[in-house]
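Multiple structures follow.
Each of the next two complexes has chain A plus one more chain, namely chain B in the first and chain C in the second.
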Partner chain A sequence: MDLATIVKALGLKIRHGADLLDRNVTGGFTGDLLSDVMAHSSEGDLWITRQIHQNIIAVASLKDHAGIVLVQGNEPAADTLEKAAKENVPILVSDLSGFETAGKIYEILNVRGG
Partner chain B sequence: MLKVFRCDLHVHTCLSPCAELDMYPRKLVERCLAVGLDAVAICDHNASENIAWVRRCAEGTPLAVLAGMEIASREEVHLLALFDIVEELLPLQEWISRHLPGRNDERRFGCQAIVNDRDEVEGFCDRLLIGATELPLQAIVERIHDLGGLAVASHIDRESFSILSQLGFIVPGPPFDALELSPETGIRGGRIRYPELEQFSFITSSDAHHIRDIGRAWTDVRMHAVTVKELSMAFRKRQGRTIEE
Partner chain C sequence: MTKNVFAHDASLYENRFPVEGGNFDKAGQVSSQIKAILKRMKLSSEIIRRVALVSYESEINIVSYARKGHIHIQVKPDYVLIEAIDEGDGIPDIELAMQQGWSTASQRIREMGFGAGMGLCNIKNFSDFFRISSDVGKGTHLKMVIKIDKVFDGI
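Take a look at the complex of A and B:
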């Protein structure tokens, strides 16, 4: 499943990475504790979080995530956006809650296949 | 003359909602003296109203009282701000209070008592002290430094509300003056577990919420006197000042 399909289906706002939407999403991970995300997420995951601190970019890059979705309309911090550009990490914003965002992405990945 | 001071730089009072009511100033000072502490920093969650009372209780005793606060950043990272006297901390307190949303609900979170040196309740703080501020960690560290204080990352080995649990690793940017380890880990345990943080000074503190917790951990600091300036020199290993590991 490419990132573009998910962006379109959920109406996600693209804060960085309009040119990176052909990335393949193979799974998802939800978490706000970066230690936990580092320990348990996988390559290809679309990471859903409320955390907007610049360290999310390093974690997503380290774990080779397909991208990051910030929930409840939360915008990335300025230094987070700068880092995203440097590391080529797509940053998307969902107006939905974390629960709804994860639910919809889970449905898309499982119904249409990863 | 340089001397080793036994310092507990992270102790709560009954002002913190999660602390026991018997952590009132007079009893707290008595306990600090009984376990042989030379210095204590009072660090309530996002608040400072009991510091002056603790200081008054310690007048005429060998116990030095530093003015501190344990602040929760918007990333829910806890950090300590340390100052010599509460007056220096007030601009920080005002800023923190302005950016701390919510009202306390005693039944759910616990009572936040301001208690004077005669064991009388002066009042109750109604701010939601257990909550997190809306302020970014980096801005808080900068503000503490601007006001002449020290910034210490709280209990970095804990699985909740620590910089490592919330943010995965220590962020670049304005540096912490020291990192704190829980009593369970201690400074030595921290050195084994976090070799990558070798360049930081480590301290360990009781993070006492109950009177019996005071004395379960402290940091021995070699310095000239108990002041923030001397502590800062010890954290930087200047002119013989140092943290005894």
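Take a look at the complex of A and C:
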């Protein structure tokens, strides 16, 4: 499943990475504790979080995530966007809650097939 | 970097990366550099994944709790050795610090999603060998080995 399909289905706002939407999303992970994300998420995951500070970029980049979705309409901090550009990490914003965002992405990945 | 790759214990790569205490702007940079180097060396993605986690958690610990420190990495034919050595307050009760969920992190650190009391457990779980020693008032020394399997991970 490419990132563009998920962006379109959920109406996600693209804050960085309009040119990176052909990336393949193989799964998802929801978490706000960075150690939890480091230990349990996988390469190719779309990471759903409400953390907006710049340290999320290092985590997403080290784990080779497909991108980051910020929930509840939370916008990324300015230095987060700078780092996202440097590390090529797509940053998307969902107006839905974390629960609804994860539910919809889960459905797309598992019902329509990854 | 050394040289004699025929010697049994020769380092294929070795470097020492300084880490600044308290500077969350740069947190993760050292681990990103280490990951890029191991990728260029064509280590398996499994080894890279584990080294990246171990070095990231060690780096965050130095940033969160120490004045300064460094991460020393050596890639040998059979293993990767990662050491995180810092100058800081040290850990009075290591057994307690190793407990999942136990943390002395400030509110500020916790709000960023760090300080959940998982870091040292993660490091231990992702390493083949793990040793921690600490001098109160001086600092902490972590030593981790991740084994390279010649068949599965061969360089």
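Just so we're on the same page, the second predicted complex is superposed on the first by the 114 of 114 C-alpha atoms of A that agree within 3 Å, B and C clash if a C-alpha of one lies under 4 Å from a C-alpha of the other, contacts with A are read in each partner's own complex, and residues count from 1 in each chain.
By our rule, contacts are C-beta pairs under 8 Å (C-beta built on N, C-alpha and C of every residue); 3 or more make two chains touch, one makes a residue touch a chain.
Remember, it's a predicted structure, so these values are computed and weren't measured experimentally.
Overlay on chain A: chain B and chain C clash in the combined arrangement.
In the superposition on chain A, A:20 makes contact with neither chain B nor chain C.
Legend: residue contacts after superposition of the two complexes on their common chain; A:58 is shown touching both chain B and chain C.
Looking at the shared chain after the overlay, A:43 reaches chain C, while chain B stays out of its contact range. Contacts of A:9 after superposition: neither chain B nor chain C is touched. In the superposition on chain A, contact of A:33 is made with both chain B and chain C.
Looking at the shared chain after the overlay, A:77 reaches chain B, while chain C stays out of its contact range. Residue by residue along chain A, chain B and chain C are tallied for touches, and C comes out ahead. For the superposition on chain A, the stretches of chain B under consideration are 21-29, 93-101, 183-191 or 219-227; the one running into chain C is 183-191. Counting contacts by the rule stated earlier, residues 32-36, 38, 51, 53-55, 58-59 of chain A appear in both its interface with chain B and its interface with chain C. Interface of chain B with chain A (complex): residues 75, 136-137, 159, 164-169, 171. Chain contact summary for the complex, chain C toward chain A: residues 24-25, 27-29, 31-32, 35, 45, 49, 52-53, 56-57, 60, 112-114, 116, 118-119, 122, 125-126. Residues 32-38, 51, 53-55, 58-59, 77 of chain A are the ones that touch chain B when the two sit in their complex. On the chain A side of its complex with chain C, the touching residues are 32-36, 38-39, 43, 49, 51, 53-55, 57-59, 61-63, 79, 87.
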